[in-house]
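Take a look at the structure below.
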Amino acid sequence: MNGIVVRNIHRADAVSLDALERLGVATVHEAQGRTGLMRPDMRPVWRGARVCGSAVTALIHPGDNWMIHVAVEMVKPGDVLVVACSGDNLDGAFGELLAVSLKARGAKAVALEVGCRDVREIAELRFPVWSRAISARGTVKASLGSVNVPVVCAGVRVVPGDAILADDDGVAVVPRADAARVAQAGAEREKKEAASRARLAAGALGLDLYGMRRALAEKGLEYVDGPLDWGPHTSRGN
Amino acid sequence: MNGIVVRNIHRADAVSLDALERLGVATVHEAQGRTGLMRPDMRPVWRGARVCGSAVTALIHPGDNWMIHVAVEMVKPGDVLVVACSGDNLDGAFGELLAVSLKARGAKAVALEVGCRDVREIAELRFPVWSRAISARGTVKASLGSVNVPVVCAGVRVVPGDAILADDDGVAVVPRADAARVAQAGAEREKKEAASRARLAAGALGLDLYGMRRALAEKGLEYVDGPLDWGPHTSRGN
Amino acid sequence: MNGIVVRNIHRADAVSLDALERLGVATVHEAQGRTGLMRPDMRPVWRGARVCGSAVTALIHPGDNWMIHVAVEMVKPGDVLVVACSGDNLDGAFGELLAVSLKARGAKAVALEVGCRDVREIAELRFPVWSRAISARGTVKASLGSVNVPVVCAGVRVVPGDAILADDDGVAVVPRADAARVAQAGAEREKKEAASRARLAAGALGLDLYGMRRALAEKGLEYVDGPLDWGPHTSRGN
Amino acid sequence: MNGIVVRNIHRADAVSLDALERLGVATVHEAQGRTGLMRPDMRPVWRGARVCGSAVTALIHPGDNWMIHVAVEMVKPGDVLVVACSGDNLDGAFGELLAVSLKARGAKAVALEVGCRDVREIAELRFPVWSRAISARGTVKASLGSVNVPVVCAGVRVVPGDAILADDDGVAVVPRADAARVAQAGAEREKKEAASRARLAAGALGLDLYGMRRALAEKGLEYVDGPLDWGPHTSRGN
Amino acid sequence: MNGIVVRNIHRADAVSLDALERLGVATVHEAQGRTGLMRPDMRPVWRGARVCGSAVTALIHPGDNWMIHVAVEMVKPGDVLVVACSGDNLDGAFGELLAVSLKARGAKAVALEVGCRDVREIAELRFPVWSRAISARGTVKASLGSVNVPVVCAGVRVVPGDAILADDDGVAVVPRADAARVAQAGAEREKKEAASRARLAAGALGLDLYGMRRALAEKGLEYVDGPLDWGPHTSRGN
Amino acid sequence: MNGIVVRNIHRADAVSLDALERLGVATVHEAQGRTGLMRPDMRPVWRGARVCGSAVTALIHPGDNWMIHVAVEMVKPGDVLVVACSGDNLDGAFGELLAVSLKARGAKAVALEVGCRDVREIAELRFPVWSRAISARGTVKASLGSVNVPVVCAGVRVVPGDAILADDDGVAVVPRADAARVAQAGAEREKKEAASRARLAAGALGLDLYGMRRALAEKGLEYVDGPLDWGPHTSRGN
């Protein structure tokens, strides 16, 4: 099955990648209309990193990491390797040696729909990895998958060359063709948020700042003077 | 549906809140008869905080954080905002700007039955948040819920004004009417535990300290001299 | 039911335990043929520890930690207590006082198929605990289980005296009879990996280092010159 | 802990219970403003039943079904027994003998936040049970809980005497004081749905029937003539 | 966000759809190289149906089924409606009235990445539905999504017009361009399987039928004469 | 790794197997001290079967069913094949052709720690299968495992030749050496239950039948005359 490696891919432009990286996952996810976010079980193996790079994709099979080795050769400096799996599996398909190898070849990070192991060593290397689990369970090298074909990873389609942005909030995918536009929209959003932040920090209410009171009233929100009596409530039940 | 905001609530007394905060979740949960503990997937977004305050409650709907904005206005200094959701959802209904706003208004913490985003920024603010997930997925502002009505959050009923205690062990709810009594019971429990701790640290056995040997014997516990032979056991199987 | 405590057990030899501890979970799991790894939800309560010791086993029941107290007496310096549960349960059967007691008696660590509480205090003690959850929910002392009988913990059979190795990657079990052999195989594996690590860090490809190209070609892996056109792909969908 | 049995409870009126039973869970849940529905893992042990009765509540502990036996005595003909558990547990706390006993005493059904066993025998008895799991794992009789106190079961607060409605869609709780009003609202809703059903069966569109087109247009919904070209899409990826 | 409806789509050819329907999910999934299978929590609401049709897609948001109503108008006789959700949610976005409406307009089935309600009525209608959960929880009509754009549903990308095949084994997606080829490959596979079935039913071994013995031996499979002694093994442990 | 097939095994005696089969899983699980029950996600692919036979074991790897083919040859009439997996995986490692083959060779059933496919065909064959999931996802034949070695399957150790009993309540393992004793204990338990059943069906209370009242009173159970007032409780909250 599968068994194809695409040697060259279009990559997202460096300016957009830099801009997206500055913005972070939450802002970018909003800026592209709340799309492109991988499932929330994609968690960083160590906290504090924020990276954005072009996707090199690998499609592997449960308990088999052969195609990750094939994918390493396709990585260029600045890329993020995205590893999708044809079935649901949390085995540790990625470990220290692959991290060393990817780092040596300039990869910025890895996003794994499976598990990761050697997490202490990987944290010491400061090589950023997002995965669905930490598991030492090893994998075999027996089945062909593909490299640099479109994949679905943690619920999101990734086309080779898409921008992959990841931080402590998760992993987001920005289609290559949208990268510049989304970066622009994100920057505008951030500017607005900076203004809001200052006013909220000074004690302003979001209700006023965002002008929500009228819409809430029209929907029928009703304010009641309390306190109300909710009856006896003690730790008798659960 | 819903659509009610209760303006004033009874709050737990400050002395009890302080006492509960010093005791911590595990002790308080025991002191009130092992009730009031939220499900264990309520985890701190960053570790190390311990807070206790009166509950301001918000009931939201899946993918919609409108009522959190409404709830912020109802928060008084020292309160803990408790956000329950009418359905099962992990979207990131709470982020940095809401944290800034709540902090500015004196809230001590937030407990979310849904997801949280901007976790790096929230950790830098040192604003304590407990949630069921970290997710950047954004939410809409379309459906009315309620504020300061009784809710069920992560398996526990919370009445506005109940004491909410949270630390690295999770989130516990103490009914307002029970706060003083539970704080007292907790203090006694802690005193006993301090004495036990010293003796255990010196090598005493819990079996003797707690006088368990007799009850175990009566139940029929049998001591057998070993070592026994459990047969060949090697890494052949799984 | 059950209700047996075996007083003496064979223990793994200290030299093998030391050797295994130096190698770590991922290496040892591989070295014994990818067996013996507990399920990946066995996570450290605090990160950074690596321990290996002989297993003292306890079999408890849901919501009941009585037999942990019985097991403490059976622990000898250097042992690791393994707590299996007859049913699926995440209650906090282990907390600070048990940690203090075990530490005083020389135990190196605990691996719990259930939940752990007092995690801040346990982290401050630097006593290593692996568990399936953090939960403050307390337990009763009502049902007999057994101590130092073979158990299945997190998917793996543990015979008393087996070597238990745990670190940030999880928890592995090495049958006592295999400890020396596995430690030896692990050391050889590590030596090989050290050589590979140096070459990979210098930019070598795993494809060449491990001689994979021929097998991949025989399986039919096909390289295609790109870039390919994957059609319009924007943030319109999800 | 706990340890209280309340002997007499207010019950919902028979007319409302009958009316709610005719309506079913989905209609009633809507009719009371989308509240009161237990989590969707509350599933019928056998399909096809629909029952509504007043709640007799029992609060049990993980792995312990003692209080179910106590609760049986409190059941009156037409009641539904609701069993909540203080911790997360799926053990089979309910089986054939309890079903026989409850049936003999006139109970209409049981809703269990834990597991059920003897499911073939229970299906043959035609005694309706909703539970979170099917599990043969037995339980002990060691810890006191309570009977006929308010509980939280599968995410919903149940006060003794509330109306419990259950069918193939799940389990809903209607507060006793609301039963008549909700039954009335449900009947109106059902009448409207009957009219809609006929028109939809004849080919009418919900868009027209519910007058949605204008609101959709105002929100900005855009119709585009297709077909559009979405690029090469074959079974190469996953 | 989103907010686009594509009016016309290319559909898979009727001959291929018929051929795929005869083959079933397991055979087709294999025939296209083990790709295109949705996650296994996509289960039939009632068992026994097998359908194949062209996909009309809808992208909805958590707790909001508005776009399903929009999608109904786009359905042509023989189509299968595929409903993807932008976030993780199991609310009952689909019920009896939508089933009546879709059936009236000729739809063959629905595949839902969310929940379904009114399951008894839907079973009586004999309208086939696959969903991730049964839940009576209602949804709002507040947020725009899209119709007939590519979506990811339960882990698989679906382009409008793709062949959707579903039966008791799950839901599979065959890209429109591949439908004829996959149907052909599936028919060949089925022919082979029919021959194997007959020989296996007569007692032949797969080891011989598929010629596996040599490959197993080359891999090093070792046959040992038993019985072996695995030591004392009684129901003492767990 | 692994790679061993044991040709002959001790089997449980036919009389005990028959006796256990008549008793069923719930009774037998109790009769051996509440041990030996597999996790409750081991569910029958079709309902209504009850089987008991000697275990032939297979240890496979994620996404790989090669060793099931090897195991078929080892099966004797009346055996139950138990398939454990070295990692967590739900792929459909077992389907119709394997069912046909096993049935032809006299196997009574299969218990799978992974997924099953072709469930309609298997139901039509009336071949009983218990599995953790229904999934059409295919598997490869690439990695050696073992046959007829001890395995851990769904949380329980299975030694080749153990009695495997399965019905609608789940799957239980009885160590071969215990089969006669457990069958005897189960028969006694059943006799007692028959007596209790008659009395309970006549309206007797378990409290009296099992003599629980005194123990409950000693524990401090308190009866309170109601009805109590639990305060306003309407469908305002969730």
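Miscellaneous remarks
Here the chain labels run A, B, C, D, E and F in written order, and each chain numbers its own residues starting at 1.
Going forward, a contact is a pair of C-beta atoms (placed from the backbone, for glycine too) under 8 Å apart; a residue touches a chain by one contact, two chains touch by 3 or more.
Model, not experiment: these values are computed from the prediction.
Residue numbering at the subunit B/subunit D interface overlaps substantially, since over half of the positions present are found in both copies. The greatest centre-to-centre distance from subunit F, using averaged C-alpha positions, is reached by A. Note: the chain lying farthest from subunit E is B, by mean C-alpha position. Centre-to-centre separation between subunit A and subunit C, using Cα means, comes to 28 Å.
Mean C-alpha positions place subunit B and subunit F at a centre distance of 37 Å.
Residues of subunit B in contact with two or more other chains: 2, 4, 33-35, 40, 86, 88, 90, 137, 150, 152, 155-157, 228, 230, 232-233, 236-238. Subunit D meets subunit F in the complex at residues 3-10, 32-33, 35-36, 66, 69-70, 72-73, 90, 92, 95-98, 100-101, 103-105, 115, 117-120, 133-138, 141, 144, 148, 150, 155-157, 159-162, 174-178, 182.
Of all residues in subunit C, only 61-64, 86-91, 137, 140, 142-143, 228-233 touch subunit D in the complex they form.
On the side of subunit B, the complex with subunit D involves touching residues 1-2, 33-35, 39-40, 86, 88, 150, 152, 155-157. Across the interface of their complex, subunit A is touched by residues 24-26, 29-30, 34, 37, 40, 43, 47-48, 167-170, 172, 193, 196-197, 200-207, 210, 212, 215-216, 219-228, 230, 232-238 of subunit C.
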